[in-house]
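Each structure below is given as structure tokens.
In what comes next, chain A is part of two complexes: it sits with chain B in the first one and with chain C in the second one.
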Partner chain A sequence: MAYVIEQLINGLAVGSVYALIAVGYSMVYSILYLINFAHGDVITFGAFTALTMLVIGVPIPVALFLACVLGAALGMTVERIAYRPVRYANRIVPMISALGAGLVIASTAQAIWGPEVHAFPQVIPRWSFELFGQLIPFQPLIIIAIAVVLVAIATVLLDYTRLGRATKCVCQDIHAAQLMGIPINTIVPLVYAIGGFLGVAGAILYVTYFNAVYIQMGLLATFKAWSAAMLGGVGNFHGAFVGGLLLGIAEAFSVVVVGSAFKDGVSLVFIVLILLLKPDGLFGERTTARS
Partner chain B sequence: MTGLFNATMPRRTHIMALAAGCILAATMAYAQDDSGPIYFAVASPLTGGSAAYGINAQRGGDLAVEAINAAGGIGGREVVLEYFDDMGTPRESAAVANRIVRDDKFCAVIGHVNSSSTLAAMPIYNEAGISVLNGSSSNPSITEQGWDNIIRMTIRGDRGAQQYSAFAINNLGHDELAIFYVNSDFGRALRDDMVAAVDALGAKVVGEETFTPNVDRDFSAQISSLRRGNPDVIMLNTDYNEGGLFLGQAQDRDFAGIDVVGPDSNLYDQFIELSQGAAEGAYLLAAFDPFADREAVKTFMSDFEEAYDSLPSQVAIFTHDLLWLAKKAIEDEGATCDTLIDTAKSINFSGAGGDYAWDEKGDVSGRTFAVIKVVDGQFVSTGQGVDETGLEALR
Partner chain C sequence: MTAAQQTTHAEPARGPVERWLPAGAAIAFLVAFPFVADGYLLHVANISLIFILLAIGQNIITGYTGMLSLGHAAFYGVGAYTSALLTLRLGVSWPVAFLASGVVASIVGMLIALPCLRVRTDFLSLITIAFAQMFFVVANGWMDLTRGPMGLTGIPRISIGSWVAHNDMAYYAVFACIVVVTYVAVQRILNSSIGRAWEMVRDDEVGALSLGVDVTYYKVLSFGVGTFLAGLAGSMFAHYIRFLSPDAFLLLESLIIMQMAILGGLASLPGSVLGAILLISIPEALRSSEPLLITYRPGLAGALLVAMMIWRPQGILGRTRATPPIVRQISDTLRRLVGARPVANP
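Take a look at the complex of A and B:
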């Protein structure tokens, strides 16, 4: 039993990291029906920036907050440069321009920080404590808590503010929203900014928990987060969060049940099964794609 | 069309140039037979994913040739190395092997590095009868095919697995082992041989977990699972990135007091850095001891450091030692290029990487791993050897 709880904590911790990154994808998708291919590279850049600031001695909270803000700014820049000029073009066009933007960001990061895996300072200490005779690691719990708080704040922002309501209008019909006087060129960049902010927060938790920051993490995070978003229902904010948690738990328990050689395979089979039963994801609503 | 400039060249010039080329080539081939330079082909991956090996082969080779030529070459003849890029792939390795044997000027081949490359190229070398001096290919089957024209420097994979196990069981006195291994040819073979060796030595494997290389970076689920078996020692069959990350991630999981034993694929500074202090006390078993207190090693290490400002890997030191072995066999033991392998099998050789002797198959015999330990965040040589008691049954 204690072992099952420990694995549940493992799964929830890595799942909340996936979830934070997935939320960013899902928000952008819900507005423009486009996968933001630059997201993974934006969050990698944010994580490396956090590393550099910590190394030169910027206080931890300041460094982490600034890195998240940089993620938001980068997200907005990507929107301005790679998406807005081609917003109404064929869907292939923004996909390619976003891939290009991602490539530029990733290459810049590689030019600055090199291709090696770097250790990340432990901003959340790796303590553990005993509970009912079971050793409970402290760091995963904090990671879960931070993820929940960040998503709660984003929920309030989206559900109870004018900004949130405007965002929902844009989601429903971008053209009608524009005609109703909603400043879409403010709302859309803000969505990218929130996605970038949460994404870098997720990336910092990711590198803290895995204890490593490296260039290819963007690709891996994209893959995991996109799986999580599919699982929860693409375009659904809370669905992406729950999807991330479930993906993490599925990974941890595939080690328990089938063995670690099949960890990635099993979790993907799990996703395929759910999508077979619910093609729009767990919380997805049946939608028809706009052309 | 301006590209056809050759059309203005008289046809006879072509034929004369061709003839001159043939004569020149024939003269060179003749010259190498007695007093001209002596050529060696060094085959290694200079591009592609394992290019770091090839660069090390090149550096080790260049360093050795410089010193050998300064000391009068081999039997008074200048040594010349030609490097071939096998890209670390079997297909390219076979192509490289064909180029080497067709050239007919090489005394011997030094290479390849990756086992799959060596396995692909060997049938071609064997048919041509050219001597192959191999440094780092550890796949056991290389010396099990009946090829009589190869020796290798590194300890073969299955004996490596036996020695890691013997070190944990005999030297450290543990009897409950957990294995964490990379899910690749290298990792799975090591795991299989290790399970057999642990069984033969009367100990027990109480847990094993694996991971997909370059994809998995989160080992928390595997760590919890391994911890559950209450092992005395973790066998870390990984490379330095994953090995370091594993230990770093395990430090809040009650792993204090569990020993760590790993192969020299972990012997890089990043291993210590990524573990964030958790690698302290870990044992790494290395095919050669870069930190040994021996004059030959110290000289090699400082020359290498001076020339390239980096630490040599085993590929560098084996390439270096193989050239000195060729010098010794030809100069002191009267070997020719054709009898190089037979001569090497009959002698003992001492190089920068330690002492070597070879058995009938071409495997190094009587050589055990050097035991390196992480102390105060640094790799240090313990000077210990591996206690091989009980392994006889497996050989």
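Take a look at the complex of A and C:
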């Protein structure tokens, strides 16, 4: 029983991190039908920047916040340079551009920090406390709390502000939104900024939890985040959060069932199963093909 | 052929010179090359020929049908392991193993892609990367079959009947024949109704659907043909290098194949050939003198991809209306010599 509770908490923590990363993919895809391959590398870059700032002694909250802001700025920069000029081209063109942008960011990160795995300082202490006779780890709970707060802020931003309504209009139909006078060249970069900010926050929590940061992390994160996003229905903000939690729990318990070697395969199995059984995701609305 | 099809595929007026000059020049170059090249250049040429096949396969999937596949190297690997294991373990002769590797890669490819192509083609990129990762895990971990990271050694040379390819020159002859035959065959497919359906699916999926084109069928077919070529290339590679290990088929390799197809020109067969030759020979030329360039090759390639998507998405030899100027000049000169009237450029 103690083991089950521990795995459940760990699964929820990892899952909420996936959800944070998934937002960047899911929102961009729902607006532009673009798989933002650079997102994984943007958030890795952000995590490395946080590492460097912590090493040179910037106070922890400042360093983490600055890294997230950098993630937002990087997301917007990539949008401006690599995606906007090809926004309305055949769908494959921006995706290739995204792939290229991701390679540039990953290569830059490798030039700065090198290809090896770095340890990440423990920004959240690894205490544990006793509750009803159970030893409860402290760190995963904080991770869940931070993720929930960030998602709640983003929800308020999207559901209760003019900005959020404009974003939803752009999601529904970018051309009609533009005709109605919504400044899409403000809204779209903003979506990248939100995605980058939350993504870097997720990445920092991820590397804190696993105590390691490395260049290829972005690709693994891409799969997990996509799996979470698809589970909840691509473009569905809250769905992605629930999808992330489900994936996290499934991964935590897959370690028990099939062993840790296949843990990373769970997300792939999920992607294939969703495509086969319920392509719109568990909470997604039915969508028709658009050309 | 109906009128509509003729107008959509109206080529600029081309005389026999424009039509046959590039082909003739290419064949002449292929035949003359081994007589002027030394051993090392011949090796580079053989590798280039293998990658031409891969780039053409990628181009069918990505350039002609508009599907982003990022696991081409894994299907290349499936072909390589199929061919190597068939000849090593079962003693199958090379021509049979060669075709079998294409068929196996193609069947695996179609099975992988089917669930995704039915509903959301955009996610093919994710599925293929995932497949590439799984291929690596299996090839690396299934020690009994693939000997894992130690690799398969002692793969027999290419042999047809009692003839054995005993040096690079012989390999060059076989590879050049395979590439020429494949090129012509793919050209024929692309000019047939299949090729037109592929391009229609790429340009307007809903439109194609409304005109009764079985979109899923043509997508799967395109993926099958592309991975078939990757399988063939894998067999050529396995019996040429004669050593296989799983790390020859990583994501980076897939991305390089993708870059070949894009650099030369999406939806251009000569472009794929050029892209493969450039991206094999340039790194070879720079390997010793500029090691830094090789280290940061992914980043440079990435910048190139972004730049090409913005300014020249059709690639170096991508489809443009006019005949390339150099070919025009030569053909006009020839025409003037024989007293014919130059063809107007539309």
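The rule is simple: the second predicted complex is superposed on the first by the 271 of 291 C-alpha atoms of A that agree within 3 Å, B and C clash if a C-alpha of one lies under 4 Å from a C-alpha of the other, contacts with A are read in each partner's own complex, and residues count from 1 in each chain.
As a convention for this text, a residue touches a chain if its C-beta (ideal position, glycine included) is under 8 Å from a C-beta of that chain, and two chains touch if they have at least 3 such contacts.
It should be emphasised that the depicted structure is a prediction, and the values quoted were computed from it without experimental measurement.
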First, second, both or neither for A:Ala82, with chain B first and chain C second: second
Touching partner for A:Val104 - first (chain B), second (chain C), both, neither: second
Contacts of A:Leu275 with chain B and chain C, given as first, second, both or neither: second
Contacts of A:Ile96 with chain B and chain C, given as first, second, both or neither: second
Chain B versus chain C as contact partner of A:Thr161, first or second or both or neither: neither
Partner chain in contact with A:Tyr33 - chain B first, chain C second, else both or neither: second
Interface residues of chain A shared between complexes with chain B and chain C: none
Interfacial residue positions of chain A with respect to chain C in the complex: 29, 33, 35, 37, 81-82, 85-86, 89-97, 99-104, 106-108, 110-111, 219, 222-223, 226, 230, 265, 268, 271-272, 275-276, 279, 289-291
Chain A-facing residues of chain C, complex: 62, 66-68, 70, 115-116, 118-120, 122-123, 125-127, 129-130, 133-134, 137, 202-207, 209, 251, 255, 258, 262, 296, 298-306, 309-310, 313
In the complex, chain B residues that touch chain A: 183, 209-212, 214-218, 220-222, 224-225, 228, 241, 244-245, 248-249, 251-254, 270, 273-274, 276
Parts of chain A lying in touch with chain B, wherever the complex brings them together: 3, 6-7, 10-11, 13-14, 116-117, 119, 122, 126-128, 135, 137-140, 209-212, 216-217, 220, 251-253, 255-256, 259-261, 263-264
